[in-house]
Amino acid sequence: MRPIRQSNSYLERKGGVFFASDNWAGADARINQAILDHSGGFKSGYNSGELDREVTAQLSRVFERDVTVFFVATGTAANSLAIASVSKAGSVTFCHEDSHVVTDECGGPEFFSGSRLCPVPGKLGKMDPEALRTAIGRFPADFLHHGRPGAVSITQATEIGTVHNPDEIKAIAAMAREYDLPVHMDGARFANALVSLGVTPAEMTWKAGVDLLSFGGTKNGCWCAEALVCFDPALSREIAFHHKRAGQLFSKSRFVAAQFKGYLDDDHWLDMARHANAMTSRLAAHIDNSPHARLAFMPEANETFMILKKTRAEDLRKKGAVFYEWRPPLSHEDLISDSQEELYRLVTSFATSASEVDAFGEALA
Amino acid sequence: MRPIRQSNSYLERKGGVFFASDNWAGADARINQAILDHSGGFKSGYNSGELDREVTAQLSRVFERDVTVFFVATGTAANSLAIASVSKAGSVTFCHEDSHVVTDECGGPEFFSGSRLCPVPGKLGKMDPEALRTAIGRFPADFLHHGRPGAVSITQATEIGTVHNPDEIKAIAAMAREYDLPVHMDGARFANALVSLGVTPAEMTWKAGVDLLSFGGTKNGCWCAEALVCFDPALSREIAFHHKRAGQLFSKSRFVAAQFKGYLDDDHWLDMARHANAMTSRLAAHIDNSPHARLAFMPEANETFMILKKTRAEDLRKKGAVFYEWRPPLSHEDLISDSQEELYRLVTSFATSASEVDAFGEALA
Amino acid sequence: MRPIRQSNSYLERKGGVFFASDNWAGADARINQAILDHSGGFKSGYNSGELDREVTAQLSRVFERDVTVFFVATGTAANSLAIASVSKAGSVTFCHEDSHVVTDECGGPEFFSGSRLCPVPGKLGKMDPEALRTAIGRFPADFLHHGRPGAVSITQATEIGTVHNPDEIKAIAAMAREYDLPVHMDGARFANALVSLGVTPAEMTWKAGVDLLSFGGTKNGCWCAEALVCFDPALSREIAFHHKRAGQLFSKSRFVAAQFKGYLDDDHWLDMARHANAMTSRLAAHIDNSPHARLAFMPEANETFMILKKTRAEDLRKKGAVFYEWRPPLSHEDLISDSQEELYRLVTSFATSASEVDAFGEALA
Amino acid sequence: MRPIRQSNSYLERKGGVFFASDNWAGADARINQAILDHSGGFKSGYNSGELDREVTAQLSRVFERDVTVFFVATGTAANSLAIASVSKAGSVTFCHEDSHVVTDECGGPEFFSGSRLCPVPGKLGKMDPEALRTAIGRFPADFLHHGRPGAVSITQATEIGTVHNPDEIKAIAAMAREYDLPVHMDGARFANALVSLGVTPAEMTWKAGVDLLSFGGTKNGCWCAEALVCFDPALSREIAFHHKRAGQLFSKSRFVAAQFKGYLDDDHWLDMARHANAMTSRLAAHIDNSPHARLAFMPEANETFMILKKTRAEDLRKKGAVFYEWRPPLSHEDLISDSQEELYRLVTSFATSASEVDAFGEALA
């Protein structure tokens, strides 16, 4: 998925309402406080300190299962290391054709794994299980020339703001199991999907068949809090070496641990995600009510995709709204037929206020 | 270079004086304040925000030259991407045999570059220029079988706490230029070396022949502020793709930018480094005065290597001192002849106090 | 492109007519003789002998231009090294969606290049230039997240036995030039395409915009004679290191050189290709005349794709014909609507006799 | 190990006696005959033909155990794929500091494995088991920063023409087993070592603890007959994908199979190796008897290292002798103290005649 326009500088200078991305927001106050709270004293680094262990224990409670946790700098790193850790020579990881791993990571997963990604189609940003079967079927067992299936990667929430329900995850994971393939979930917007579904973290992951999770906190109020969470103890040791070799083992790891502590304590992460999602619902209602705009997809998390005349979009921008035009996803390439129209993405976060949303709604009406 | 003992947990729990590593300290107050100061509002990410540009301009002033800056998660990442960006098929990067890149990065530089490191000997942690010539000479031009020289990497300050003066850097760089090889400097403790020498950042880098610098702030008071600084504009575009592909392009990059701003403003970085170095001098004086201990090398930055009877080291630990025993460097393997003795590393930082150092000195005396 | 059935052993044991692949044939007598002629005496190896140089000179005459020549073990190696030598971090090579590089090389090109392949659609096995423009357009300049265009690779003859004429090659190469991308040609069946078109090797390659050629002799009567031919002197030095590092620098390289000498002398390679193509034309005529079978594509080189009822295919096999069923190409997935029918591939070579073809024709009629 | 002088062309043109390398010889008559014998008819390729299976069965008898066999283009490929197949993230393969894998393969093993080689010292080209223990000890279990031990690779015969006896192999393999590391043998001159020792292939490999063997036939009379022989069935499937991905899966694999058949039938390979070794013994006797030359090491296979005044070497060359000067191995760097002297390598093969050796001896006397 791709923003079409790149130059952000003029946008940033404007006052106004910001829907460009959830990573345009800074950090939530509790996250900052947690960093301050843990900035004193001498603590061992490289993920071996007390606070690191405390966060691992906290995530084990969140996921109702012992997990291994590797802090990383970015979602790209989490995804790449997850895929690398389950890849072998000639293997292929199946992912949705519009997924972040295949379109937005500059070949990172392929580079780290030394293997390939195979894009699978599917409506609404979700891999179609039958299309997955067809894709896997193109790599018959032991026919060396094509390579071999290696893993399945799904995105939750998806790149177009929809959410897989647990049954949908189970259906994909069941297909993966049939071919003995591990399942990775790119959870850059994990919290937004979770509160949207109202299920538990366990239900949305390992209980549905997920083995490896990229658990993102950055887009939901943290500064830099991304983790590769591993539900399969057998993989942990391998990941540890991939993680260090990749230059992703932070020395002062407690600064990530502190963020996760502030994030998870008192379910603050869920509160922030609920707020972001609520702002998106409010925004979607404005769009739905506007005679000028329409929703490309029904938003299920914190992203809205809106179709609008380009001239109207420019008007909104002049009034201070900041958002990207967006290339239609491969699986919905026919979204726009009128050349005067364009697709736009609007993202809300913990930092979005109802008044900003309503101001945008008024400008749109 | 390598600590021999790994289990830190018991150390961390003790009260006491902490010389285990400069990354055991948290963050300096001004660094924390800078993060807080920039945590509000909506800003574009991925190194494209105003604050990112401001820090680049600030570093360009610091280095008296236009530089390109890539924030990364770790020193391993900075080193690996630097080496990768100048490597080609079959090329070899020459580094000191005790350098961090070859001993402590789990093969990261080799992995990212797809090429090899060639360890070069040299006393006091510094590559001997004649040994470098010999090493390069083992790869005659166009003799494909051996591969070809690719780059030279030096460490400033070195892994044993010594510092290359500008003439020493120039001598190595001159040798590299003779073979048309770019020069990388691993500056994980750049500031400590700089204030030790009393030269300018430019004099210690590009004016002496350095093309690429791993500029570390983490060990000197930041949380996570590492950057690959590039003095060669032609390399910048290539590095950008390596950087993104490696999962090192932070989305909320302003949290690193803010740290660097707090770090560089008012020469705060130099003040912190001066403090750390002064604490090391004070510590070294205590050791030098002790009848029980002796210095393995004359400390020139913020690390001290001390030779001591093991039983005495245990006594110090019982009294609350925290430090690692250390394997003698390859280039000084004969450092210890008495099997009752051991080499120990002591590191000071912005957070070390004179009273802690003196308490240690008393315990030692 | 893919054969569906793998187990060849029963086929091999049968007498009969063999259309399974052009690599099922052994070696032509002149190729064997050339090996024998050069098997005596002591000669320097590793591509540095007189015979190696002689073959390079011969290929320079064939291509009317100074070329550099790297002998390799397989077409996969030639393709992989070609793509690797022009790839950079994050780059993407564009190829036809049914091309050998993307479907049949087990991820070799991606592994060697550390980068990705982007499949481009197009009818008759040929990349559609407009589809290429669309595909390249998905990687806007300097938008790091997606990566960047790196190269274009085409196949001549294509995987379905069609041939790009020089204008078609020029159209693709012109598009590549617009984006400053080098062009690679996978010429596993180069000779078959050449004699089909009746043009010169230069016209089919560098004069049409090709920079790198995988020049295959194995399928056309040699044992193991594949070469990466480079028209761009600036690339040669880089390729040399890729070549050696990949374990593709033969020690007794004269055994490949000898094959190429026997192949090229007296235009023997063109004679063999003409024979193979003529056998395919003869075979196609039989199919075209049969009431039971039809051609999936008009054959232009030495491969025929035939649609037939499965029961009839079994009958032919019982009579001794050996050929593979074949998965319809992605760009012609709708080739077969009747579930009783199947696609079959038939390949002729220097070793195919007219009587064998006619025997097959009779069995089909 | 390294020849100092590269330009071979003038050497090749001379008549004379050729001791430059065993790969300067062409192919033995029985090898050529075997190729001719199997050049007719249609056979399935890609290692799946009858002849391929026959050779596997033959090698299984030779090694008194079921083996898996992968034909490759070069020894570099065999070594690289062997090491790659047992490497993991951050792992390190231990090899002798003068071994071919670390000095003469342009970083191939590192590239294919994504990991590192650690050179281990040892006299007479053989890894010293205690030095191996020390080297492995530098990578303590689970200390991520350094990486982890991955495999041990030895060379038989060594790069300086000596041979490990089975007890020496067992001692190294026992050390490897202690750390749970697989053992690879680079057998580029396997046959020469075997007949030198008078043991069985099984005794020299898996019975002594070897898991993977690079089995070379090229230097001993074949054109291009190298194979990775795997004694561990669990590794075979993984190697198969590495092998194909590396562009090492020959299509007309029977041309390698045929060579191996001619090689192994009637123990012809042993006869050729015995001849080559006998010629080396004869040559060594001449050198030993000469007042002008001396042996650097006692030859145990088909290579002789001679120390001679440079002026005398030039005289020999003027009389038609062809041989390389050679850089002293790292583990015997002090071999030459007189600057007028040089080290020279002389290699014999199946094609060397006693009269040539004696002519050289006379010239030397």
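Order of writing sets the chain letters: A, B, C and D. Residues in each chain are counted from 1.
The criterion applied here is as follows: contacts are C-beta pairs under 8 Å (C-beta built on N, C-alpha and C of every residue); 3 or more make two chains touch, one makes a residue touch a chain.
For clarity, every value in this text was computed on a predicted model and none was experimentally measured.
Looking at B-C and A-C side by side, the one with more C-beta contacts is A-C.
Ranked by distance of CA centroids from subunit D, the top chain is A.
Separation between the centroids of subunit C and subunit D, computed from CA atoms only, is 34 Å. Annotation: 51 Å between the Cα-based centres of subunit B and subunit C. Chain centres here are Cα averages; for subunit A and subunit C they lie 41 Å apart. Listed for subunit C are residues 89-91, 105-107, 111, 114, 142, 144-145, 147, 241, 244-245, 249, each touching two or more other chains.
Listed in rising order, the residues of subunit C touching subunit A in the complex are 2, 6, 89-92, 103-107, 110-111, 114-116, 138, 140, 142-147, 327.
Contact residues of subunit C toward subunit D in the complex are 8-9, 11-13, 18, 20-21, 23-27, 32, 35-36, 38-45, 48-50, 72-81, 105-108, 111-112, 218-219, 223-224, 241, 244-252, 254-255, 322, 351. Residues 46, 84-85, 88-91, 114, 142, 144-145, 147-148, 238, 240-245, 249 of subunit C touch subunit B in their complex.
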